[in-house]
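One chain, subunit A, links the two complexes that follow: it is found with subunit B in the first and with subunit C in the second.
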Partner chain A sequence: MTKYLAYFRGKMQTLLQYREAAISGALVQIFFGLLRIYLLKAFYASSSLVPPIPFEHAVVYVWLVEGTLRLAPYAPDGEIVQQIRSGQVAYEWIKPLDLYHAWLSRSLASKIAPTLLRFFPVILISSMFFGFRAPDSFLAGLSWLISLSAAVLLSAVITNLLNITLLWTISGEGISQLLTASSYLLSGQMIPLAIFPDTIRDIFRFLPFSGIIDLPNRFYLGELSWQQLPIALAFQFAWIVFFWIVGQGVLRAGIRRIVIQGG
Partner chain B sequence: MKQPLIIVKDLCKTYSVSKREKGIKGSLKGLFHREKQIIEALKGISFQVDPGDCIGFIGPNGAGKSTTLKILSGILLPSSGQCSVLGRIPWMERMEHVRHIGVVFGQRTQLWWDLPLQESYYLLKSIYSIPNEVFHKRMRDLVSLLQMEPWLSVPVRQLSLGLRMRADIIASLLHDPEILFLDEPSIGLDTETKIELRRFLKHLNEKNGKTILLASHDLWDIEALCKRIIFINHGKILRDCLLENFLKQEVHERSIKLSGIPRADLLKHFKPSQLKAETDHILLQIDTKQTSMAQVLSTLSSLEGLDELSIEQPSIEDLVLKLYQSEKST
Partner chain C sequence: MLSMGQLLVTGIEFLVVLALFYRFDSLLTWSLAEVALFYGFIHMVFAFSDAFSRGFDLMPLMIRTGELDRMMLRPVPVFMQLAGKELTLRRLGRLVQGMLVGIWAWNELNISYSIETIGLFFWAASSAFLLFQAIVILQATLCFWTTESIELGNLFTYGGVEAVQFPITIYPTSIQRFFLFVIPLAGVSYFPLVYLMGKANFFGIPVWIAFLTPLAGWFFWAFSLLVFHLGMKHYASTGS
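And now, the complex of A and B:
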């Protein structure tokens, strides 16, 4: 366990170095958040139907999305791409390590570190000027935090599967573009899932990506109450276990292939 | 009777590479149909290594040296054949196997690129679960032997190649492996660093009793370190012998550098093909299988006018070059 923790710490340390990237990232996210809010405003103003969520909720939702933007699985670990390109990955194989969990520790760090760096500035500025607000109750906040933690793990197992596919694709660009586009839409980052037509919304909410952004956000907004937390966690963990098992299987196949084809 | 540390028997390794034709037309064709080409990297090699050995693998690029080391370290799976390292089959008992070996690939690094050097060492400490005191003592010793103290808190990406190599070698030794595999460790290093590295590896081998398997193109490395050499080409072992025997066996041709004696006098005793005129001296080639060195020297000393005489020691590089060439012609 300590060895995987060491991987996690190392990766966190690497990522927390990039202060300027964090500042500029936070600014970009404020900009995009505002843009999105104005789009939603136009959307709300032009529609005569009763909106599925009140506008104030949509605003908070947008800021939560912006604050946790880097949580979504969208790209493989740059260092792993590098390692596979250069063949350095062989060095990982000569360590008494389980490669899946070593990479998972890095994926976890690569989700947590950039999110930590961006979340606080985005939330601070948006709550001062742009309509972000604290959750209604302590329990809503706590449920959000718990569900968000499961979301981090879910995103990490998906990212790790993406890392593993690098053993075939080398660059992983194709898959990561596909993944970015789909997770952007399906997780609720583009527009809150609640706004989609009912059938589409339900399908999206069944897919794993909703467990990363949409689900924790609904706890924050109080759309889901804390009593529903166990069901939500069961949903998230079902997908976590699914990707955890699939990822390890795929890695085994990939390693066999590498071992056969030569470093 | 010492138990061999490494036993390799009839090891074979074939790769298949898909062949692609050149040009756009070829690339388009490749989209539908690719021809597979089988490459035999190893065609049945066998050898044994005793504890404390220091073995040098010599051979041209693509000969199979790295493939052999990769199979021994458990990275590659052989196509057929057997191999055991410390009584374990590397690819079957990977986790336990890798605890006892250290590996350095000259062209790669296992260090964490963006973090200070010592972070990589602490990571290794956790990976190998090395106890605190043991780790600190070992790191201190290695770091001071290779004079890396000033660099411990510098990010790895800022280290020069020589420093990085030294850092990588420390990294491969922190868990105190019994066997060290080195693949081109001195590639791209300057002479001073190379010499320092050799001294360090010699120390490891002789004082600490580490078994070292070294693949290198730098024959001076091999000459300075290894008592035994294994010469590989086209996936087969051509020679497996002690270095001194190799030098003796291959060297039945010597050349003597002479000056002072007129060529005409020399021709009375030697064939014209044996004499090569250089600008200010004559090179006399002799085959020690036909005439002994003593005979030649006594002949030469009987001749008048001898000014200078020196026997040229053939370098290991000349010998290996000759081996390569004789390989090509057969």
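And now, the complex of A and C:
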């Protein structure tokens, strides 16, 4: 266990160095968040139909999305890309650790560190100037934190599966773009899932990506009550276990076919 | 694979527009087809411009490695060499979906195919192309002083696309002014397209202004080249 913790800590410490980049990143995200809010505001103002969620909720939802943007699975681990390209990955197999969990520790760190760095500036500025609000109630906030923790794990197992597919694709750029696109749409990062047509919304909410952004956000807003937390966690953990098993299976298959060139 | 991914990534943005129109009917005074014209135009042009701009992103690398010195010896302007350096098809997906959406909108809005409309379209497209390239050139020019790349340019290119893929009347005046006078994206996109739709431009300005506003893109580009040349004069090789 301590070995994996060391992997986690190493990656965390590396990533937490990028503070200036995180600040400018947070500013960029505030700009994009504002554009999104003005767009929604214009749509809300021009419709006589009853909106699926109140505008104030949509605003808070957008800021939660911007604050936790880096939580979503979107790109493979840069170092693992390098290792696979250069063949250094062979040395990783010699080490007395389970490669899947070593990589998973890194994936976890790569989700947590950038999110921590960006969350606070985005939330601070948006709550001062742009309509971000405290959670619906204390229990809503607590449920949000708990389901957000599960979301981190879910995102990490998906990211790790992306890392593993690099054994086939080498660059991973195509797949990571597809993944980015799906997670953008399906997690609720572009617009709250509630805005999609009802049947499409229900399908999206059944897919794993909704467990990363949409689900925690709905606890925060009080759209889901804390009594529903066990069901939500069961949903998230069902997908976590699914990707955990698939990831290990794919890794095993990948290792079997790999040929290491001497050099 | 990469282009397919691109097509999906940017195609998904349009799905969101569709979802919003499904839920809310209209966007202030704008219909789906009108928004689609703004959307298709800017994505199409940005894809084109991006293909001829990525080379400028390599500036910090080329300054560090001394590659830039070699470029200066060749009898072709450096900025042209840079523009053609990373000519990739990576943005094909964005280009295709922008075109599909744009052509659909053009027909849906019953815009005629005359010399006037097609001419105005290409006039606006050319200056939008140059405007996007100018932003990247300005960003690259900063490297002469900092030798590090600044991410600010991406905010103006990607942020600009994000903003003007919708009519700018939906934004508060501060953002409108920014895209009118600082980064004049409204001049190259909003006014010409509104003219093509045969709509008033909501700023109380005569509609024929649409033929003049694209000049802003050309001026901006000329300005960026001027700054680039100043940077070249200032440049002293890192001597590697």
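Just so it is clear, the second predicted complex is superposed on the first by the 258 of 263 C-alpha atoms of A that agree within 3 Å, B and C clash if a C-alpha of one lies under 4 Å from a C-alpha of the other, contacts with A are read in each partner's own complex, and residues count from 1 in each chain.
Convention: a residue touches a chain if its C-beta (ideal position, glycine included) is under 8 Å from a C-beta of that chain, and two chains touch if they have at least 3 such contacts.
As the structure is a prediction and not an experimental result, all values here were calculated from the model.
Subunit B and subunit C, once both complexes are superposed via subunit A, fit side by side.
Of the two partner chains, neither subunit B nor subunit C is touched by A:235.
In the superposed pair of complexes, A:3 makes contact with subunit B only, with no contact to subunit C.
Seen from the CA centre of subunit A, the centres of subunit B and subunit C span an angle of about 90°, rounded to a multiple of 10. In the superposed model, A:132 lies in contact with neither subunit B nor subunit C.
Residue contacts after overlaying the shared chain place A:119 against neither subunit B nor subunit C.
Comparing subunit B with subunit C, the partner in contact with more residues of subunit A is C.
Contact with subunit C, but none with subunit B, is seen for A:177 once the two complexes are overlaid on the shared chain. In the superposition on chain A, contact of A:226 is made with neither subunit B nor subunit C. When the shared chain is aligned, subunit B comes close enough to touch A:94, but subunit C does not. Remark: least CA distance from subunit B to subunit C after fitting both complexes onto chain A is 14 Å. Contacts of subunit A with subunit B, set against its contacts with subunit C after fitting on chain A, share not one residue. Across the complex, subunit B meets subunit A through its residues 13, 15, 41, 67, 70, 73-77, 91, 94-96, 98-99, 101, 103, 105, 108-110, 112-115, 119, 122-123, 125-129.
Residues of subunit C touching subunit A in their complex: 1-2, 4-6, 8-9, 12-13, 15-16, 19-20, 22-29, 151-152, 154-155, 159, 162-163, 166, 170-172, 175.
Interface residues of subunit A facing subunit B in the complex, by the touch rule stated above, are 2-3, 5-7, 10, 13-14, 17, 79, 86-88, 90-91, 93-97, 256, 259-263. The residues of subunit A lying in touch with subunit C in their complex are 21, 24-25, 28, 31-32, 34-35, 38-39, 41-49, 51-52, 173-178, 180-182, 184-185, 190-191, 195-197, 200.
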